[in-house]
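In what comes next, chain A is part of two complexes: it sits with chain B in the first one and with chain C in the second one.
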Partner chain A sequence: MDMILSQSFLTSLVVGLVMAGVPLLLAGLGEQISEKAGVLNIGIEGMMLIGAYAGFLGAWQTGSLWVGFLYGIGGGMAVALLMAVLCVRIGLSQIVIGIGLTLGAEGLTALLHHVQFSRSYPRLPGVETWAVPGLSALPVVGPGLFDRHPMVYLAIALAVILSMLYRKTHLGLTLQAAGDKPAALDGAGVDVLRTRFAAVLCTGALAGLGGAFMSEVGAGLFIPFMTNGAGFIGIVLAMLARGRPLWVLAGAALFGACLSMTTALQVAGINIPTDVIQMLPFAAVMAVLVIFGRRASLPAALGLPYVRGAR
Partner chain B sequence: MMVEPAQSSGAGSLGLVTSAAGRAAVRIGLTAVAPVVLALVLSGAVLSQMGTDPLEYYGYVVQRAFMTPSGFQATVTRMAPLLLLGAGLILAFRAGLWNLGLDGQFMLGATAAAALAPPLAQVWPIPLVLAASMVAAMAAAALWSLLPALLKAYHGVNEIITTLMMSFLGLSVSNALVKLAFLDPTTTVPQTRTLAVADRLPPLSGTTVSSGVLIGLVAIVAVHLVMTRTSFGLRLRVVGANPRAAIHVGLRVPLLTVMVFAASAALVGLAGAVEILGVHGNVRADWNPAFGLAVIPLVFLARLNGLATIVYVLFFSALQIGAESAARRLGVPHYFSLVLVANLLIVLALVEHLSQRWRLDTRS
Partner chain C sequence: MPAAPLIEFRGVTKRFPGVIANDQVDLRIHAGEVHVLLGENGAGKSTLIGMLSGLQQPDEGDILLEGATVKLTSPKRALRSGIGTVFQHGMLVPTLTVAQNLSLGNPWWRFRREGDIAHRFEALCADFGVRIDPHAITGELSLGEQQQVEIFRALLRGSRVLVLDEATSMLTPQGVEELGALMRELAKRLLAVILITHKLREAFDFGDRISILRHGRKVAELGPEQLRETDEHKLHQLVVRSMFGGAGGAPHIRRADATGERRPVLTVRGLSVDGGGDGRVAEVSFEVAAGEILGIAGIDGNGQKQLAEALAGQRRAAAGEILLDGRPIASLDVGARRRLGLRYVTDDRLGEGTVGAFPVSTNLLLKEIGTAPFWEGGIERPARIREHARALIEEFDVRTPGPDTPIARLSGGNIQKAVLARELFGGARVVIYNKPTYGLDVHNIASARRRLSEAADAGVATILISTDLDEILELSDRIAVMSGGRVVGIIANDGDARTLVGEMMAGEMTGEERAGEAA
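Right after this comes the complex of A and B.
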């Protein structure tokens, strides 16, 4: 009896980890693309929130989660387009515009939610899962990780693909150069602004997808302000990973585990205030920074607009 | 009233205004008034999409926040924490430091004040209690900024990430403190002990306006004067403009960094204390007004100028108070104020960029 109880407890812990971790993973991977290209994308929280709203709307209207994901990607990219035009093309402050976009997205989605859903609070039907043959028979990890919505596997695969892309392809080098030595990239005949523009749009797509996963798969409904700092955690993951997508995956798992622990312990009736457990991931990050702070490195031109010929 | 300068700016861009005074008027119209009108129009489009008449909404907000005594007093009271947050931000941003951990620092300050003031009020004279609570709030917030400050000053760790982390941590810590350490045992609502109304910051005579607004005004004017009129302020601005040059002229940049962070956070913590000691009297569990992110755009709209910040804070307080009331009367959630501020920020940034290009074009 005890054995079964603890196993189901552990399984729910893994499920929670995956559900909380995937949006963070997508946000972190997205932010990483921008940061590699030299754009500190503080607007990612707003992109996620718009993605969460658009994704829910799409899934609710069409009945298909995949259409919802497309909506989410579109929503995130719409905010990213604004950010790219203002910060990359025109060269306005990335931090100020990013905060402005986040605020605007918070207000706009809360208003839209009020108009459309505040009377009915619709919920999406339960999510269909796809069990990985063989692996899903494993105890705990099987039902927890290998019997989930396919988007979970796609997100994990994306981390691996991006890792190869950065290391093995010309595109990865171009991206890196846009953040480290934009002038050199310009000299080599690659358009820095176009590279950064594309990078910001990719960030928007992934952040929007992460938001859509949160509302469609994670919660099954849209709640105003539901991202609750997930975008900011994505920024932290990207910064700590120093350009390595697999580190983002590990970080997202760590943060996901802490977030999942808060609900799991409550369900298990253990009387620790959630606030104490919620501190764990942030405290862990600060500890890492204190220990390895000296070695933390970011792209040299991060946060600076590129103006050709300017010194 | 607002339409006239906007029209004259339209004439100016067509090259119809040639005198120097005319050009100055055009520039003010173009860079200060036109963006506000444009942002109001853009946000009005959102309102009309929601089925609300924008003019009715704006009229109601202005009427409620400025024309009714209770509304205007609420507006001025709301200015107190926002002014202090603005003062803290100007200090940090002018020195080139991104203190984005406002919400955590604010809540720690509020919690420190709420923990200290009610029990102390039993034994000490009230003015002393209020002063001690405010000092404790400032100390708590300043302490919370120490780790990001040291990491930035001596390890060069990006302060955006560390202050954000410490902000989330601070929110959790203050919540845990409210629920575990400072819980009021006499009520079932999870909150701290309540400071009696008579013991709070006294209202300005004949009004319900908390005198916290005076603290806010003094702080932001003081920060403005320090940054613009003293050598200390100049040193900070040099650090902000070019840290490497600052090292070459012999400034102790790490020390200045830590000092700026501590002072900035102390002002933010004081904002939390003023809100508790002047308005709420206690901290409820999970309470977080999240003023921080909203004040950052205001400070930038004011171009880091303390006096201009006062104007924007007045505008935003009125908007918040009016919007909260309109939520009940017109059924538009008060989140609309966020949309308006975001619109204003983006439009103003764009207009400034365009006007700079326009000025360059006319010169060449």
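Right after this comes the complex of A and C.
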């Protein structure tokens, strides 16, 4: 047990939590925007994966992580654009299109990666961190949380900013109306389709950024299928958070911790089969769903295309 | 009264595939008037409102705002032109507070200032003598209050024309009164109010001017002078004739006094049903003869539905006998009873009576799916199904674009016609009707009642369950009154039946229920 509580174990746990949690946080915040507006964005896994590949490519070609992030955002938004056109404008089934986009993105990124890099997995140069003055000197959380890439701080700040935007501006009301009673929003003179379209694009941007973080900062390389369900966990986070960004932050930390256990426990040399350890995050998803799932309240018009004048 | 109308429709025509919803409609809406648009379901009221609120555009004709042509191409445009619409089904987000709902429509980046809007709302409420908390969650307000919120919202947005679409249909009688008072106040402040309804009473109570629509055309308009000066009875006749083309629905009184001699078709003895809570049936016994209509009166929820479902086989009887032509059927299932000629017209025609997404033709065979000649060896025979549907559609006057139209697209009256067609077709011996005219407009009520009594004249033993005493008195030969799951009496429908039935019903009636019933 001493091993588990050792400083190196705890530090690696926090590091892993942050690295695994940030993509979940970005995905969850993104999904939350769509869901508030009434679009169940199942394509988010595909958006993340495209973002991961585009981000890696951008960083690898230009040598700048920031350019990579922009590529990632662009990649995620490109998939989101397709989803928005098909599901919001044309009004096709969000579930079918979402699954299709995810499967398509998996195939496409694997293919592109194979064509471009064959069987090699080039690595990006190491990630520069930016230590928060003072706080980074703390034990465990210092190196774990406050000596990270700036994108980590930006992601956390985004949760806070979104929370404030939802509370202080009309953004939250507009999105909630689009999801709960789109006809009311339409009646108030706001274009429902445009609102939902923009929401889906925002989801794509955040999901793409989350994917890019995974490949650029988290792994430093791209591996096909590397998102490994992170987008789906994002969907769960958004549903459980009931529209509150800070709850997404808390949920991302919880699931990030579970994910990081898989590596941290191995670092600590605990003798548990890795298969069991790798189940942890998904067991946690199920446990959380059982405990809190009943309280998840979804928008009334979630998943329903809006057609003006229809009842 | 100002000479120039605030809103004018000039020769407005709107077509939908297969239907002309509005045909050359001219309409003038004046400030300071409550203008009632009266018409039965499908007369074209909703389309007119759709065009006024920017949801639909006219195919021909012009809409003029203070003499100038306007194109109301979106709800936003309509709002900007000063036209506020309160829809029947409510246009408030139930999860937001009143103030939040009022501030919807601002650009998303603006900071919220619900305090301002809440103050303005409260001031407006006070002005009209209404009390609504602007910080209450909208979904927790009564429907009447939600409607008032919508009216005030329209005023806050500077609307000069208020369109109230079927505004009274969801309200309690008290709510209707309050709405009426509010409308009068609005008209007093020189706003134009347009009230859409199919209820004559409301048209006369609230309207300064009444326009009557029928089959998409405006067939009559009654101005304030006419409404004031014409005697009410005459006015009533005039309006009914305009709405329905002369068929005013004169009471059809059955005089079937020889029924006592006939052999009973359906006999029920000591039937009890456990309702689990309030809706039980206790030891009910009666007989119905061929060609006889037995009305079952009573206040809603006194076991009528349970009785009907037990007779139809949809609910298990705890005790008692049901005999059809002397043969016990209590142990048979729904399908077997149906094949013996026992039919049930449910009161839940959308939920239980039809499958909305299925075409009319399939719904007409909903209880026969898989049987010959429409299905043979498990294979569907579409031509026969359609042929069968066409015949029934024709015979029962179901207004539908065709047999393949999903039935949910039809109006309530036409859905009920299709249900009646299905239940009366092919060897019906006993038909149980549960509130057959509930929720229909006057015209369809008359046609359903006619259909019901024609079927009885042709020899069908009929059980008519209804909470509408007038309906029972109009159609029945004998009347049973249910109360607390029991039949408290069965009487012949003659001169003083109304008093007797009323007394039996009143035996278990509280003051509150009576008020509800009077509405």
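Brief remarks follow.
To be clear about the criterion, the second predicted complex is superposed on the first by the 284 of 311 C-alpha atoms of A that agree within 3 Å, B and C clash if a C-alpha of one lies under 4 Å from a C-alpha of the other, contacts with A are read in each partner's own complex, and residues count from 1 in each chain.
Here is the rule we go by: a contact is a pair of C-beta atoms (placed from the backbone, for glycine too) under 8 Å apart; a residue touches a chain by one contact, two chains touch by 3 or more.
Just so we're clear, the structure is a prediction, and the values are computed from it rather than from any experiment.
With both structures placed on the common chain, the touch criterion links A:Leu304 to neither chain B nor chain C. By the touch criterion defined above, A:Ala188 reaches chain C but does not reach chain B. Comparing chain C and chain B on the residues of chain A they touch gives the larger count to B. In the superposition on chain A, A:Leu265 makes contact with neither chain B nor chain C. Of the two partner chains, chain B is the only one that A:Glu106 touches; chain C does not reach it. Of the two partner chains placed by the overlay, only chain B lies in contact with A:Val236; chain C stays clear of it.
Legend: residue contacts after superposition of the two complexes on their common chain; A:Val67 is shown touching neither chain B nor chain C.
Of the two partner chains placed by the overlay, only chain B lies in contact with A:Gln278; chain C stays clear of it. The touching residues of chain A, when paired with chain B in their complex, are 40, 42, 82, 86, 90-93, 95-97, 99-108, 110-111, 114-115, 224, 229, 232, 235-236, 239, 273, 275-276, 278-279, 282-283, 285-286, 289-290, 293-294, 296, 298.
Those residues of chain A whose C-beta lies close enough to touch chain C in the complex are 168-171, 173-177, 180-181, 183-190, 300, 308-309, 311.
Residues 50, 55-56, 75-76, 79-80, 85, 87, 89, 91-96, 100-101, 103-112 of chain C touch chain A in their complex.
The part of chain B that touches chain A in the complex is made up of residues 46, 50-51, 98, 147, 151, 155-158, 160-162, 164-166, 168-169, 172-173, 175-176, 179-180, 293-294, 296-297, 300, 332-333, 335-343, 345-346, 349-350, 353.
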